[in-house]
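What follows is chain A paired twice: with chain B in the first complex and chain C in the second.
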Partner chain A sequence: MNAKTSAKSVGTNSKTTMGNPYHNKTAQWIAYTLFFLALAAIPFNVDDDFLLNQLATYGVYGMLALSISLCWGFGGILNLGQGIAFGLGAYGMAMTMQMQTQTAENPVPPIMLNNGLDYLPFLWWPFQNTVSGLIFAVGIPTLFCAVFGRIMFKARVSGAFFAIMTLAMLSAFYTIILDQQAYTGGVNGITPPSPLQLGSFQIDPYSPAAYWTVFFALLIATVIAKLITQSSFGLVTQAIRDDAERVRFLGYSVSSYETTIYTISGLIAAVAGCLWVMVVQYVSPAQLDVGLSISMVIWAAIGGRMSLLWAIIGAFLIQGGQSYLGDAFLSTWLLILGGFFIIVVRFLPNGLASLVEAGLGMLARKPKETSFREPSGVKPVPSE
Partner chain B sequence: MAGLLEISHLCKSFDTIKVIDDFSLEVTEGTLCCLVGPNGAGKTTTMDLITGRIKPTSGKITFAGEDITGADEHAIARAGIGRKFQVPAVLRDLTVRENLSVAYSRQTNPFWNLCRFKVPGLEQKIDEISTLADLTHRLGEKAGILSHGETQWLEISMVLMQEPRLMLMDEPIAGMTEGEIEKTARIFKDLRKSTTLIVVEHDMGFVREIADVVTVMHMGTLLAQGSLQEIEADPRVRSVYLGEQEAA
Partner chain C sequence: MDFGSVLNALILGVSIASIWLIAALGLTIIYGAAGVINMAHGALIMLGAYSSYMLQHYIGVPYLLCIPASFVIVAIIGLVLERGLIQYLYDRPLDTLLATYGVSLVLVQGVRLIFGSDPKYLAVPEIFSSNISLGFANISTFRVVVIAVTALLVLALWILFYKTRFGIQVRAVMQNKEMAASFGINSSRIYMMTFALGAGLAGVAGSLFGVLNIVLPTMGDSYVVQAFLMVVAGGGTLAGTVIASGFTGELQSVFAFITNDTFARFVIFLLIVVFLRFRPQGLFAKGGVRR
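Moving on, here comes the complex of A and B:
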């Protein structure tokens, strides 16, 4: 008993020198590597095409959670309208894939013909070519974020007010897309008849190729996001999250930093939108639904918005739970999810990641204890 | 010789209340100017106007020959004015080291900073400043857990990290112990050799210790300016400010 208490006190003393591996940069990169190795092992162990396709959609959700974590967790910008970038990216991709199936004799997609439009509208022109279609699919949402962010942040709209503005903007886009049936397919959206064709290669949604495309996109987005958080830029954005007013007096243009991180986050969401249509071959106004955008925030909140990796895991857990437990519990699932969310917000404000952080913090002190107890230890053993 | 900072006929009104009324001030490079005055005299408002936190109703502020009237906060900071706030404002969720790193703002362009992972000269500068401020053993701690005195020092350190040409210190010694105050006075006197300082302070002992020039504000106007002896001899000052102090 006596030995135990003395060992404990040694452990607490060494806390500052030892450090928590959760905050160690090398340990973080190792954790990220292991995570992606695990994801890379999946296609070799899964034969079920349907399951692989479903896992690919989770990868897209993971990317969305990553974009929220970057913007909200690190930049302090709560964005309830990430569906704008996601949805516009998805529509751009769906339009590109739709145009791939149109021929010179039959240049107008059926959604227009069915709505009494016998020519290809101006809006669709860039999507006639696959390369320009993809550029526009990612470029338009990114440009929107840059302009919208610039206007908002320059006027110093922040916090809940910015969140409300994004929500309002999202609803506006949702309504326009729903309303302009001849251009967007209205409530039915766009269902491209065949998978994405890249050159001579076709990416079948139910093939490992689709999974690998999502995997590499998620990998690249995560590495870039992680590097951003570790750069000088990342440090300044975290300082802005803490106290934007103070950072201004250090010489940083706060609005430029906010616009940049919001735009990068939008870019990731736009790419996720493209991939989503590649994987499910379908887009509708549901992708711009308020519920989905709020779900993205919930994924990041439950996983841990301050950790890119845990935000992704949060998306996997909740969407996975929804798919499997949702079938078992039916509508009770929403109650379970809601209850879970309340518990996490109340007791773990930094999400499940904070459990890991606390656990590793405790482990970090333990090895110190054992090394002191070892009789062969080189370090002098404190006398009892 | 023209002053580093020149404030001429500065006015600021909130609705119909004139907070700063035709205030002019010239601060010579390499001096330490103490700004004193009773509560509500407009000292902090003057600091806000200089640093761009609020925009003047009329008047002009020039810094190093450049008109900075009504410019954005970050532009004024980049021009070389660093500020410590009355209520210590540090980045509480970041570590002391991170606070100092952010304050070392040589490069402020977001796109450049996206590609920067190592800042040249930063470690050396952190070493130097944290030793001076006696914060070396606290570098890894969150700024939010520091004591009040340490928080004051951290914010002063952040201003030093900026290496500004002009430092504005709003009540730097509030909440400090006798020993810390002595140390602050020593460091400020040292700083005067390389930079210019404007210090807002109530503690007349501290002012006596450090000031080259004392400026007395009252009701948003300049009441008197000169050495401490001149100020103390001024009957108007005695009546509005020092008189109250002696009576207290």
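Moving on, here comes the complex of A and C:
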């Protein structure tokens, strides 16, 4: 897959740089560029509309892994409830797309009529207009993350405790969406009858247009996330990850930094949710399932949570593996995934990326000064 | 809303509380003693139900004997799990959470491969399948059995932790591992024992839940999150978990009486999150340990 080609390109790159190229900023940007060039080459080589659509969903999964990597790998905040932002974004988008197909004579979607609701509920009003619908679809989950993060981090809830809290919130949202059938479609969710209409342009999920939309969203999110991690703000969040107490003593407002990185991560996940519905034209409470949210963490963990690029690759590898190997191994796939995950957590806390890091380090053989990101030899300990 | 149905809701609340409590007991022991977030707890509950099913179905062990037998079987599985994986991860709490989730994936899928996805049923003695009527309140006999088993287990655990040498050692390790070790307590062995004990309790819960619900590979998943909430709301202590479960069980029952089951659950989860915002250490925090 494309992931492997990019891994190779990282390898060939190593001879031109000094020290471990894994830590070299320029080399990192080159690797990112090659990775996205490889992704951009796909639509020119793939004729199969179905495959292109599937690859677009992988792009969405990549964005989710990226958001987890940003929040967990760089911020030290293990978020098991990323499905909240993803799911709310997805529902917002589905509602917008549903309302696009409703006309003035027929303003109420069938899911409500089927559940005995003959007027459009207040909750759906903002989604009657496409622009405001999209703003709300991304805005509401982001606002939720900002408020929830603020409340939790102000109370100095962190580490595993925060993970449990996000899990509880996720379960709460899942339950309420399942319960309010007339507003959300219950267990069946919402299936907008036609693709997303932007002005006079329609984004057909099975066209290259959908792939390009996801591609550029992933590209922009990755570049922004990468710039954040290299900024002084990103430096402080990484310091908080390694020792929050020490950063607090230095006079930083730890909770503000944590809230910000958590909110940015939620924003990315919300956009991913919107794109997901654009690509699959469907949303259901399954998008807020605990299993999916933990899967996002697994993608980032197996790829390498300390590397944005490798988190994305992790999502590609596992979801690709699930689609292609899953058929071959059928029922044993989850067994393999679970076992692989245990091994990664036990022996490779920084995922496959650490293998690449070690490999490149051996190739370079001249360990010079290392960048701030990962001092060689010292395994960053997850904060508690 | 008459008095009789409110009383009925309250009695049902005790039953719900006992279910939440017995699901959370094992987690409390493991989280309280070793600080391990055991995401495989749901899978261990499921294993308890399946071991009861196997004993009953293939060997013909009477149901009441299946309960202690499930305890032993799942405790041994927990022991193997602790020695094979968890013991290397004690200083990495987030990683134990993830690793145990991996374990639960493996266990659930393994059971699905062996037993298939179709539901299994546990048979109980005739007398458990009737109803007890207390004037206007009505409750099934088996729910009373669950309440009784839960009460017995809480009593047994209280005696174990507060009246025996082992209990003193566990509490010493909980408070300060290094200090306890320097007094000659083998903390690694204590962790191993508590993990096995916690797993065994999950096994008991499983063999009871297998009767309340059907036995499925995924049956444990729904208990994990709420069991965790009981543990963290209680502060990781036995008394805390008991009170947290009692309180939320009653609330759940009353809210469900007013609205419906799912909405009640939503309200409970929100209330717990709000409660933990103001009291992150839970009801009864462990002495001298700063989170």
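Convention: the second predicted complex is superposed on the first by the 347 of 384 C-alpha atoms of A that agree within 3 Å, B and C clash if a C-alpha of one lies under 4 Å from a C-alpha of the other, contacts with A are read in each partner's own complex, and residues count from 1 in each chain.
Note that in this section a contact is a pair of C-beta atoms (placed from the backbone, for glycine too) under 8 Å apart; a residue touches a chain by one contact, two chains touch by 3 or more.
Note that the coordinates shown come from a computational prediction; the quantities given were computed from them, not determined experimentally.
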{"item": "Overlay on chain A: chain C relative to chain B, clash or fit", "value": "fit"}
{"item": "First (chain B), second (chain C), both or neither touched by A:D242", "value": "first"}
{"item": "Which of chain B and chain C A:I294 touches, first, second, both or neither", "value": "second"}
{"item": "Touched partner set for A:T175, first chain B, second chain C, both or neither", "value": "second"}
{"item": "First (chain B), second (chain C), both or neither touched by A:R150", "value": "neither"}
{"item": "Comparison of chain B and chain C by chain A residues contacted", "value": "C"}
{"item": "Partner chain(s) touched by A:G338 [first = chain B, second = chain C, both, neither]", "value": "second"}
{"item": "Shortest span in Å between Cα atoms of chain B and of chain C, once chain A is used as the common reference", "value": "11"}
{"item": "Residues of chain A that lie at the interface with chain B and also at the interface with chain C", "value": "none"}
{"item": "Touching residues (chain side chain B, partner chain A) in the complex", "value": "51, 53, 72-74, 77-78, 82-83, 85, 89-94, 98-99, 101-103, 105, 107-108, 110-111, 113-117, 119, 140, 158, 162"}
{"item": "Residues of chain A defined as touching chain C within the complex", "value": "78, 151-152, 155-157, 159-161, 163-165, 167-169, 171-172, 175-176, 178-179, 290, 294, 297-298, 301, 331-332, 334-335, 337-339, 341-342, 345-346, 349, 381-382, 384"}
{"item": "Residues of chain A defined as touching chain B within the complex", "value": "16, 19, 227-228, 230-233, 235-236, 238-239, 241-243, 245-254, 256-257, 260"}
{"item": "Touching residues on chain C, where the partner in the complex is chain A", "value": "37, 85, 88-89, 91-95, 97-99, 101-106, 108-110, 112-113, 221, 225-226, 228-229, 232, 260, 262-263, 265-266, 269-270, 272-273, 276-278, 280, 291"}
